[in-house]
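Next, two complexes with chain A in common: one pairs it with chain B, the other with chain C.
The block that comes next holds the complex of A and B.
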């Protein structure tokens, strides 16, 4: 369904998502309904585990949902295959992560140019675009530095430039100021606000930083997988595990992936193992 | 579109190279291990090749040549009734094919008798002028001299035979045999040379005289039983085919050295088989080492892969990154290993490897104690290709695993 100016840029209905740790279900989203219009600067607020990141990931096509509908730019992102989602992200969505997540072997401008080259642009054109966006985020003079030669704030600016370089309709930012000091965080938010206003790019930001919340054109509060703007914390409906986390049957592909998945020990497992051996 | 795709692949390849350069120690250690394995293999192939050439060269040059022509059946049952009736035709055919190093012989059995004892020998009549073009028998005569054109009833014996007969240079040795009619004959020869080669086949059971003397003794003037030819190993198969065609109507057998003495060829094949086994072991080590490095690299960069996927890199492109890294490590290892191996072969090929301490008894098997390793391009090609294949294989599993990563989990847990 093609988007028009009146239709929401993000449209979510009755979205459910449950995580499983072994046989234990952990509901993350419990029937979320949400609409975002083009050019909004929306902040998702809530405590850790409230479902902010899960919602962002689903909107960005990084995760699938168990149930519900998620249309982004008119496209049902939940029905897309992996390669379709990958192409969709590249064309329409920019990501800014909490831990910057720049490619450490590339310089700042090469990090930004990378996504342009993924889009099929030539190296020269991509580097020109990268220079432009690095100037936009006010670190044009640092383009040749590697991520480890930049401060946290500078790295996050590079990440914002990378997110903007493909001129996406939507930017999803997951706790973008969490690793920054308050002054640098404020500067980053001002920058994102300015870009939102000048470019009309829609920003969906998850954060519990008061400065970020203050900057929002709309604040959406999440708690235990519910949007709680209209409810008090105490009156929100009880979570029904049977509804949110239905018993699932893993496909053969999922079982295979699970079998080969690289695993890391938790600290607790490491402690148990160490104490067993000592 | 194709141009954009190739540009993108080039871009990903560059990113893979940057990843390798970003971890120079890891890259160099893995490539260095591959290089050492390859250099060791190249050296072993070179040593093996030098040993084989040395051994086969000595074997052919000592007495049998690269190729012999006899009457049909003579090689299995040497009999004076099976002489070559038209040696002129063979000489013309050989000259037509540009073969100049050949000699004629007359072979029969005889009994050598001294004042003390007798011993059965193969009595060979050789052409004193042409034989040195074909074999290096003259160089193996430690006492006395080789035959000369004007010699008459002179004899050369192997050291063991001379020792058994208790004869010395200048002594008289009586040769007893049968002539062409089957009548018993006996002639007296003067011992002019003793072969002291160290090879059992040469030092015992053989008596050599001039072709003219033996022809006269057995009454076969102008007739021979054997043509011995010396040609380069590379031209041997073609020459054998041509001679078989050209001499098809002469009832002759054209026999290259490996048909006459297949055990030598089988020994070389067996020896090469051991090297293929060693190649397999080195390939396994390369595969395991590189797989380990790439898996560690993949685990180390799980978050990075997650981010790359999140910002639009496809699974195929992630896999491509890993495979390019694996192949690049392999190519660096192959280049370094080839260079190192070549230098080792060049150096040892110039000065030789002296195995005289080890070869006390082996020298009886046509091997000189000084081995000069030689590089054969097809061995280098096989080894380098096999290592490149191992590198590609070692990249496939980490690439597959990296492509299965889920972006969110990779970013969260990486």
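The block that comes next holds the complex of A and C.
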């Protein structure tokens, strides 16, 4: 479905997602409905394990959903293949991660230029674009430094510059201030707000930082995989595991992979463990 | 959207990744260097002693190529002789691959010294020409080599002389048949004892001069063998083909050295196969080590690769980058290992590895107790090819695995 000015830039309907750790199901999203208009500065708020990151990942095509619909810029991102999603992200979506996630063997300038080159721009043009965006995020003088030679705040600015360098229509930021001190965090929020207003780029940010929530043009609260704006915690419907996490039989291949898989705990598992115990 | 990230960018990224992870890179490089150096050295030792064995065999008796009258090798009958050897000898100066040739008569007979007798292989040769073809003159450990014009000189193999109890200057009676079947005998004088190291030769050889033998056997100019020495083993096939083209196969049989002693040929083939098995095992060990290192590297870099895919890098480009990394690492390690091995081979080439303490083990099959490693072009190509295949195999699996990475899970890794 082609995008037009009146249609939402992100359209999510009845989105379900369940994680499995061994044979234990962990429902992450329980029928999310959400629409974002072009140019919004939306913050997803909620405790750890509420489903914020999962929702962002699905919108960004990094993860698939079990059920539901997720249209981004009119395209059904859930129906795309891996390569198609990569291309779609490159053209339309910028990412800012909690842990900055810069390519550590490239300088700040090269990190930003990398995505431009992926888009087909020449190396020279890409480096010029990188310089421009590094100046925009006020670290133009640090372009030749490698990530390990930058502070957390500086790295996050490089990440923002990298996200903006491809001139995406949407920027997805997952806990962008979580690893920053409050002053640096506030500066980053101001920067993102300024870019949102000057460029009209849509921001979808997951965060439980009060400063970020305060900056939002719209705040969406998530709890246990539900949007809880219209409910309070008591009236929230109970989670139906049967609906969200239908019983599945693992294939022999999956069992084998699971048996040999290195036991390395992810943020998500840590979060889920924390939320189950709290 | 066509990415402008060319191959060079991925090579640069791969190089930076390797430099950045110095410890891992160093360990892998050392593994590669050690593996390839071992592989190359083993190969050089194998080639060295096989080559020595071939040379010793060829120079001890057979030459690279022999031309006989049709059927002689099977019949060993003097009636199957080359009546006009000069018709063949004229080719000898035509081919630059030939560095020496001689004519011989071979027949079986009996040698007797004061009452004791033993069966012998009587071989008559031109004393001067023979020195261009074989090293028999250098194998005379006691006494002297055949003297031109001295038709009563006789040399015996060491074991023959021992069995007969013959000493230098002893009268030795040789008995055999003329081509006509007539039994004849003649007195010779023992002038030297030959010790080739090949038991079957030392046990049977009775060597006399060709001129005297032709008169004794009434064979005029006829001979049974024309023995040719090539510049190198590798030229045997070329010469064989040339003579096959020139000489009628109805009249002559042309036999390369491999056919003259099937047992030696089998032993060489076995040694070659055994060498290949050892090379295969070493390659397998190297490959396993590299694969392990690459998989650990992949595991450590899941997050970084996840980020690259998340920001829009196509999975096939991740595949290429990791493959470059593996190939680059293996290539550099292989080159360094190869250089180390070449250096060792060069250092050992002249002096060789002296195994004289185990000399008894080298008495058979024309082996020398001092092994001179040598790296042949074939072996170098084999190693190069094996390294490339190992590089690709060790690189492809982790690279393919990276393309199947769950991006969201990779990004969650702390």
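The rule is simple: the second predicted complex is superposed on the first by the 248 of 278 C-alpha atoms of A that agree within 3 Å, B and C clash if a C-alpha of one lies under 4 Å from a C-alpha of the other, contacts with A are read in each partner's own complex, and residues count from 1 in each chain.
Here is the rule we use: contacts are C-beta pairs under 8 Å (C-beta built on N, C-alpha and C of every residue); 3 or more make two chains touch, one makes a residue touch a chain.
Since the structure is predicted, the reported quantities are computational estimates derived from the model, not experimental observations.
Upon superposition of the two complexes on chain A, a steric clash is found between chain B and chain C. Once chain A of one complex is fitted onto chain A of the other, the partner contacts of A:105 extend to both chain B and chain C. Contacts of A:39 after superposition: neither chain B nor chain C is touched. Looking at the shared chain after the overlay, A:25 reaches neither chain B nor chain C. By the touch criterion defined above, A:95 lies against chain B and chain C together after alignment on the C-alpha atoms of chain A.
In the superposition on chain A, A:68 makes contact with neither chain B nor chain C.
When the two complexes are laid over each other on chain A, chain A has residues 57, 60, 62-63, 82-83, 86-87, 89-91, 95, 97, 101, 103-106, 114-115, 117-120, 122-123, 162, 166, 262, 264 in contact with both chain B and chain C. Per the touch definition, chain C reaches chain A in the complex via residues 1-5, 9, 13, 16-17, 19-20, 299, 303-304, 307-316, 407-409, 411-414.
Those residues of chain B that touch chain A in the shared complex are 4-5, 7-8, 11, 15, 18-19, 21-22, 298-299, 302-304, 307-317, 401, 404, 406-409, 411, 413. Residue ranges of chain A in contact with chain C, taken from their complex: 53, 57, 60, 62-63, 82-83, 86-87, 89-91, 95, 97, 101-106, 114-115, 117-123, 126, 162, 166, 262, 264-270.
For chain A in complex with chain B, the touching residues are 57, 60, 62-63, 82-83, 86-87, 89-91, 94-95, 97, 101, 103-106, 114-115, 117-120, 122-123, 162, 166, 257, 260-262, 264.
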